[in-house]
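Shown next, in structure tokens, is the structure this report addresses.
Lettered A, B, C and D in written order, each chain numbered from 1.
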């Protein structure tokens, strides 16, 4: 598999939403799941695009070599700004080395949980 | 990333369905989630294809530059015609500039909600 | 969009499973959702592959021009043979003209429903 | 369809998680669903990557010709090592012949079940 680049550097998730409420034992959350199969750390920038305001760009995250990181979007922060809960938005993930990105959401707003997941869309294939 | 076109102009979602009932605090709905990373507004046409009747074509929607729109299918309307609830159909999304499209459905027909999501299928890659 | 073929002729869904039980008002089921954007009828063959027996091949279905069909797998039948319920299997969809295929499952085995969906994997791109 | 290779040999699933608890009649589990459309057995290696420890590499599985295998991740074992429950991880699937891979999770941690599914991401297309 010489020459295989083990992912892409630019990924899009159009349906982002941080559920503002939880019930039961599990907390509602979204995760941006990144796998870095490279031999070095990936420097990842996450940007959030909204329906009616300017984007929140380039929140920096690192994912180490041969590691995964399941990034909770509620934890992302830049200059004191966070992604607001309960608001429809979209996610852009850029990395300095190729990685693979999947998006999952767990919603326990109403009793009992719901799950959804999809691979992110790679822009630069 | 010079030359990257930041999406596609033609997307397909074969499994559309507007759940006719809701329970609990959340309303059943479908969303066509569009992200426009361009420097100008995207003019988007949504068409609905059915199992046993002629398609409802070219319902027009705009998505502004560097914005996302999570379009609720129940809100789409053209010449007084809407997508009927409780009927299996399929969705075509065409845009005059490249965008990225994801489809999600929340169903609270029975108590407690269910979620599903998938990236739309890009036709013109 | 001259020359765009509007889909693919060969699609795979590795995770098939017909839930044998239902509860509440909604029946557990799987759907193979096909959209035919061509100007003529699509002749579709669905095959089922199992973990421990020979495949059930080439169950024939038609999808008319500019129509969608959300095919319930429980309804598929060939020479009196059907896909058994409660058994892990995989699905192959072949069409004589390009189509787009998505797979969805609704499971109401336990009270309240669960949903999952994914675009099928196109083999011949 | 001469020359069609019927899948890929390298697939990635960034969001792996074995739910540690179940309720109701269905057991929480993840499945890596593999379809082998070849005329010979596929030798498959599954590797698990974690957030804070070294990967568990090359757990060997076979999938016979014209068969599917819905591999429960909780059953995977190598030299007495298993994938731990309740820990975020990522999955790499490598096969000596082209196959198609889908990932699904059923979570019944809270009463009533939740489902999610996505096609794995093919690395070497």
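A few remarks follow.
Just so it is clear, a contact is a pair of C-beta atoms (placed from the backbone, for glycine too) under 8 Å apart; a residue touches a chain by one contact, two chains touch by 3 or more.
Chain by chain, the UniProt names read as follows: A, B, C, D = Sensory rhodopsin transducer.
Since the structure is predicted, the reported quantities are computational estimates derived from the model, not experimental observations.
Taken over every residue number at the interface, the positions common to chain A and chain B amount to under half, indicating a different-residue contact.
Rounded to a multiple of 5, the Cα-based rotation taking chain C onto chain D is 90 degrees. Our note on geometry: chain A versus chain D, Cα centroid distance of 21 Å, whole angstroms. Between the CA-based centres of chain A and chain C the separation comes to 30 Å, rounded to the whole angstrom.
Taken residue by residue, chain D touches two or more other chains at 111-112, 114-119, 125, whereas all remaining positions touch fewer. Interface residues of chain C, counted against chain D in their complex, comprise 10, 12-15, 17, 49-52, 54-55, 88-90, 92, 105, 107, 109-112, 114-121, 123-125.
For chain A in complex with chain D, the residues that touch the partner chain are 1, 4, 6-7, 24-26, 31, 33-35, 37, 66-70, 100-102, 104, 106, 108, 111-119, 125.
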